[in-house]
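Letters A, B, C, D and E mark the chains in the order given here, with residues in each chain numbered from 1 onward.
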Amino acid sequence: MTTEYAVRATGVGKTFPTKAGDVVALTEVELTVSAGEFVSLIGPSGCGKSTLLRLIADLDGATTGELEIFGKPAAKARVDQDYGIAFQQAGLLPWRTVGGNIALPLELHGMAKPDRAKRVADLAELVGLSDFIDRFPDQLSGGMQQRVAIARSLAEQPRLLLMDEPFGALDEMTREYLQGELTRIAKETGAAVVFVTHSIPEAVFLSDRVVVMSPRPGRITDIIETPLGDARDEALRESPEYFERVTAVREALHGTPVERANER
Amino acid sequence: GPAADPGSSEDFEPLTSIKLQLQWLPQSQFAGYYVALDKGYFEEEGFDSVDIIPSGGDIVPQDALVNGDVDFAVAWVPKVLGTLEATGAELTDIAQVYQKSGTLQVSFKGDGVESVEDFEGKRIGSWGFGNEWEIFAAMAADGLDASSVKVTTQDFSMNALLDGDVDAAQAMTYNEWAQILEVENPATGELYQPEDFDVVSYEDTEGAMLQDAIWADTERLDDPAYADASVRFLKAVTKGWIFARDNPEEAATITYDAAVAAGEGGAFPVGPNHQLWQMNEVNKLIWAGGDFGTIDEAAWAKTVKGALAAVNQDGLPLITEEPLESAYSNDYTTKALAELEEEGVTVGGEYTPLDVVLTKGGQ
Amino acid sequence: MNAVQSLPGWVRFAAPVVVGVLMLGLWVLVVDVLDAAPRALPSPFAIITEIGLRFGIITEDMAITATNALLGLALGAVVAILLAALAATFRPIDGMLAPLVAAIAVVPIVALTPILNTMFGASSQFGRMSVAAIAAFVPVFVNVLRGLRQTRPVHRDLLRASAASPWQTFSVLTLPTALPYLLTGLRIASSVAVIAALVAEYFGGPADGIGTAIATYAKSGRASLAFAYVAGGIAIGLALFLVTGLLERLVTRRRPV
Amino acid sequence: MTGRARGALWGVLGVVALLGAWELYKFLGPAAGFVVGATEGETGSGVMLLPRTNDRAMPHIWDMIARLGASASGGNTPPLYVAVITAGLTTLGIAAVGWIIGIVVGSFLGAVMQRWRLAEAGLLPWIVVSQTIPLIAFAPIINTIGTQASRGSAFDWPQWLSVAIIASYLSFFPIAVGVLRGLESPDRMHLDLMRTYAAGYWQTLFRLRIPAAIPHLLPALRLAAASAVVGAVVAEVSIGMQGGIGRMLIQLAGQGSSDPAAPWGPTIGSVALGLVAAGTVALIGLTLKNYRRGEQTA
Amino acid sequence: MTTEYAVRATGVGKTFPTKAGDVVALTEVELTVSAGEFVSLIGPSGCGKSTLLRLIADLDGATTGELEIFGKPAAKARVDQDYGIAFQQAGLLPWRTVGGNIALPLELHGMAKPDRAKRVADLAELVGLSDFIDRFPDQLSGGMQQRVAIARSLAEQPRLLLMDEPFGALDEMTREYLQGELTRIAKETGAAVVFVTHSIPEAVFLSDRVVVMSPRPGRITDIIETPLGDARDEALRESPEYFERVTAVREALHGTPVERANER
């Protein structure tokens, strides 16, 4: 077999040149994500979570270091559609129906119409939106929109899912519901997931490992194992091990120097 | 009809301040009025202030007069006849300054437009907006109606003719005709010559109509003060035109200077040489052998006949009935001329045309 | 979004009618009752009579002006879309076009028409169409250019992540995003094009169309006929405005989420 | 090099490119144009695909410039460029008055429509319709009303005031729409906030609605300035007012055949005028940049 | 004394007439908030939390029932400026500086300039933004903006603070920091607080009582006491009583029927 790693970052750094001078968004990132593994990135605003995810997705290029996705350069992995991606904003095209939005990547890659319809139906089923295929995004709730976005990211059966705060804009109840859905879907598809979040409970609930980051310059300060087993259900949220892991992540986070409380 | 005895010696406060509406930009076409102003003839006739208001836009002289914006207006007879019938207003032509029509239809030699009957099927240029009635009247006399030609609205320049957009363009002897002759002929490198063109002069057709006339408000003429002012106004104007006849160069210069000075930033008239050409041509139209300003019954009748016959491109006639009798009156001119004779002014006389050489660009 | 939309439908319909009737009443009062208006402003009744009387020639001239406006609108819009696409793609072209578009936006028709008539021939309608085209160009260009720049980062990222080709990105994202802006531009341009085509007739060209008729009859004492033609011009402008407005509504129906 | 300087450089390049294209086309293009589908002997038939390049249609750029330096109307009249500037300033002054009238009327209408939705429903359609009426149809009416007003009273209604009023007919429109949209623009949250402060209509207007409207007002004011200039030029032509650039345009256009470069003077002048008017308003806008902070964040 | 209640709602209901028919946003709400008490409203999206807060603030009028603020009708309390309010979006006026924003209500009510400057300085001090008085909102981070909004809501020393998800748009770390700040400020000013949130931990951490609501129609389904004492600090977040209360609120919330999971 070619590789056991979905993502492998060595010495990755990213500097944005701006008018006001260079912004070091990320330095010396060392990270591996195994195939099928669920890894969350957590950290205060501006610590480079999104930047790291965008480098993995080849939406930006790394300034230094090396980044391999399933053993290939990020750009190649993108062209090969080795990953699916979802953002905080569902980012649905408002002029396309639910079905049309899910079908978008398939259409772009020339899948034939009947196959496409079949796949879209399956995906809609997977995220529980079979009845809504012909609706337009503005007729859906925020949670439903985000589920469409997840279905879209899964359209080409990627082995890696990249998600940047996909539940950030949702209310807590919907959020918890979708967290459950996501663990189920991740398990069903067997994809590795890199998941960016602000929420400690969310990170702990979902992940096999939580990567704690710190800003100025953005870097990884800690990686916390959260081996809570396969049953990620409501009961888990009230279990002592869960609270214990939440506390561990909180402490790792607070261990990062809070530079200027004023700027919060 | 108008007051039988214009300016009878009833008791009234004489008018001392009047406004005259012209029908175009300040130029030698209106030299007589500017000369009268410049030479103090209006003052001599008891006017403290005379406002000469140029037009050139959508200001229609007869409308300004009907509305009471001005006291007298210079306008072409057919245009006024149309307005009078359409609005039911009453105006009186109290002096027919131009005795002859100055309108031409100009085409390049060889294009086969040598007479009105040749218009058929051709593209005919006209300024429109009331300037087109002579064309339709002349055509009507030849049994043509407006639908037998294509009419193109000319803009301010003569480019439509020069570029071949029209077969024959409308031109005034005193203005656009000169503009054409101020253009270089690319074939010769010299200015165009009159021989290069075929010219239909409406004066020689059944369509000829009376042009620049001085109009007064018919109803107001019953007011002895206004009637009196009309006579005095005509006296001054007559003196102005006589001066322009006898001193065309100076009259052209006076007009040009007045045009340049008019308004704050000045007007931007055609050059002095062009003004002299215009003065010369205008004099030919005014001093045609009759008494100054006197309406020739035959010419009037011809104008009315043409106006009744003419139909425009929308199929609408200019007028459908004979105008009221009050539409013209020689009483005021007659009185003015008589008083001038009495005062020793020689009104009669011939105009000796100059030979104006046009220059490129007319500067 | 729009406060008016919250009014009941019949109020939205009745309110302008009431205002229209009030204005008409005022007009009748000033012209017919008080006889206080200049002659150039005719009575509405006289205008309506003329419309009835001269319906044939008015619609004939309307057809000519409307054709000029429509063709001009189409031409101006096509050129505007092409140039806006260029400007959106190449910054320098945007920079180069900026002063020219600003200049085109302020050039008066009085100055433009004689030039275009001389360039394209005074005996064809083309001079007028190009005046309409130039007038329509500006709002379409400005709006399309803005529209082409409205693609949201999240959508751009999505297409990049989907390894979409530049052409795919354009057809799937950029174009649909710009479409409502194009229609807004067209709606504004539609009334501008009619006015431009109409006013251009004042300054030369074939002796037909609404503008020629308005001037002809306004200057020969037939104010009510002139205003009957003005009504014809308004009808053309409104028709185009309503059609493009409806199209715009149709396309912007889907609110971005 | 700053972004602004670079922008200006590209702009200059754009103008140069246009002038170059003009001369290039004049050099290459057919003097009499290129017509297809013309019927023999039928003047003006066919479709002109390529416009004419002769000197009447397209004078050389350098001829236009040289003409600007030559005497405006022959004799000892000042150079054309001086005449253009003088006339331009006259028109600019009138347009400024028209602009201000437009602002007053437009703001009033906009504010009324914002205050009462019923007024918006009733007025806005007519305001839109008003802009489909050609100026030239009613310019003489305004002029007549003016002369009649000054005849009947002590107030002397100068002709330029008619021009300004006609110009304001074009300029009030963007203002009315801009004010309406601008005053409507505050977030619901901000309006709620003002309500929690028990602030009345006027307090809300001055503390919230007007400041929030400024990003909408600046483009409206700019558009109105350009419209006022165009309106003033057209109105000058229409009512035959002397001294302004509109009058100069038609007077020199009369010499377009024999002196084809002459009308380009006022043509360029009128475009420059519009740009100056819009540019000046844009500069005023710069002083209000604190009120545009919302544009980046929102 | 006039009353011991900051808020007293009896049988309060709110129906919005819409084109598609009446929307019952709230029914039969019975709630009292004592002076100085901190009460959170929690519940899924659309359960009427904001509606209830807006009724209290007299931003909308109740359809049925009675609402008293410090014993007066809500409208009177609004005119008397008995409450301060803050929303999810800080809602600062972008053209006013920090100082100008805090001063807005004082200005509207005609406080003299020197007094105003003094009060603004005190408030900026209170929220720790003394150095930022002359900054514009776009120069501040989201957390700082929200602190300005809180300072503004406190400007007229209200006895009641109304807050609608004021920390909803902030990242978790900033959020936790501001939660600490808010408990401090509430204590210092002695104001009663009605606090709308989606977050169970936030509600538990801040409140004396958590009001659990449920949608369709919006109503109160449970009120949970959270007597965690006065020390609301970081240690509390890791204490067993805290977890226990979090679990209690979660269960109360989930006890509300989840009508259509699909629409999340």
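By our rule, a contact is a pair of C-beta atoms (placed from the backbone, for glycine too) under 8 Å apart; a residue touches a chain by one contact, two chains touch by 3 or more.
Here's who's who by UniProt: A, E = ABC transporter ATP-binding protein; C, D = ABC transporter permease subunit.
Treat the numbers as computed from the prediction; the structure is a model and nothing was measured.
Engineer: Which chain has its C-alpha centroid at the greatest distance from the C-alpha centroid of chain A?
Structural biologist: So the farthest one, by centre of C-alpha atoms, is B.
Engineer: Could you state the distance in Å from the CA-based centre of chain A to that of chain B?
Structural biologist: 86
Engineer: Can you work out the whole-Å distance between the CA centroids of chain B and chain E?
Structural biologist: 84
Engineer: Calculate how many whole Å lie between the centre of chain D and the centre of chain E, each centre taken as the average of the chain's C-alpha atoms.
Structural biologist: A distance of 51 Å separates the two centres.
Engineer: Which positions in chain E are in touch with at least two other chains?
Structural biologist: If we look for residues of chain E contacting two or more partner chains, we find none.
Engineer: Indicate the residues of chain B shared as contacts by at least two other chains.
Structural biologist: If we look for residues of chain B contacting two or more partner chains, we find 58, 60, 63, 67, 123, 150, 152, 155-157, 159, 163, 165-166.
Engineer: Give me the residue numbers in chain D that touch at least two other chains, ranges are fine.
Structural biologist: Residues 43-44, 52, 56-57, 136, 140, 144, 148, 237, 250, 253, 256.
Engineer: Check the chains against each other and report every pair that touches.
Structural biologist: Chains touch in the following pairs: A-C, A-E, B-C, B-D, C-D, D-E.
Engineer: Could you please specify the touching residues of chain D with respect to chain E in the complex?
Structural biologist: Residue positions touching the partner: 187, 189-190, 192-199, 203, 207-208, 211-212, 214, 290-291, 293-294, 296-298.
Engineer: Per the contact definition, I'd like the list of chain D residues that touch chain C in the complex.
Structural biologist: Residues in contact with chain C: 6-7, 9-15, 17-18, 33, 35, 43-44, 46-48, 51-52, 56-58, 117-118, 120-126, 128-129, 131-138, 140-141, 144-145, 148, 184, 226, 229-230, 233-234, 237, 246, 249-250, 253, 256, 263, 266-267, 270-271, 273-275, 277-278.
Engineer: State the interface residues of chain A toward chain C in the complex, per the touch definition above.
Structural biologist: For chain A paired with chain C, touching residues are 54, 57-59, 78-79, 81, 83, 85, 87, 89-95, 104-105, 107-109, 136-138, 140, 145.
Engineer: So in the complex, the part of chain C that touches chain D is made up of which residues?
Structural biologist: Listed in rising order, the residues are 2-4, 6-7, 11-12, 15-16, 18-20, 23, 37-41, 91-92, 94-100, 102-103, 105-111, 114-115, 118-124, 126, 191, 194-195, 198-199, 202, 206, 211, 214-215, 218, 226-227, 230, 233-234, 237-238, 241.
Engineer: Given the complex with chain C, which residues does chain B contribute to the contact?
Structural biologist: Within the complex, chain B contacts chain C at residues 58, 60, 62-63, 66-67, 79, 82-87, 89, 123, 125-126, 128-130, 132, 150-157, 159-160, 163, 165-166, 312-316, 318.
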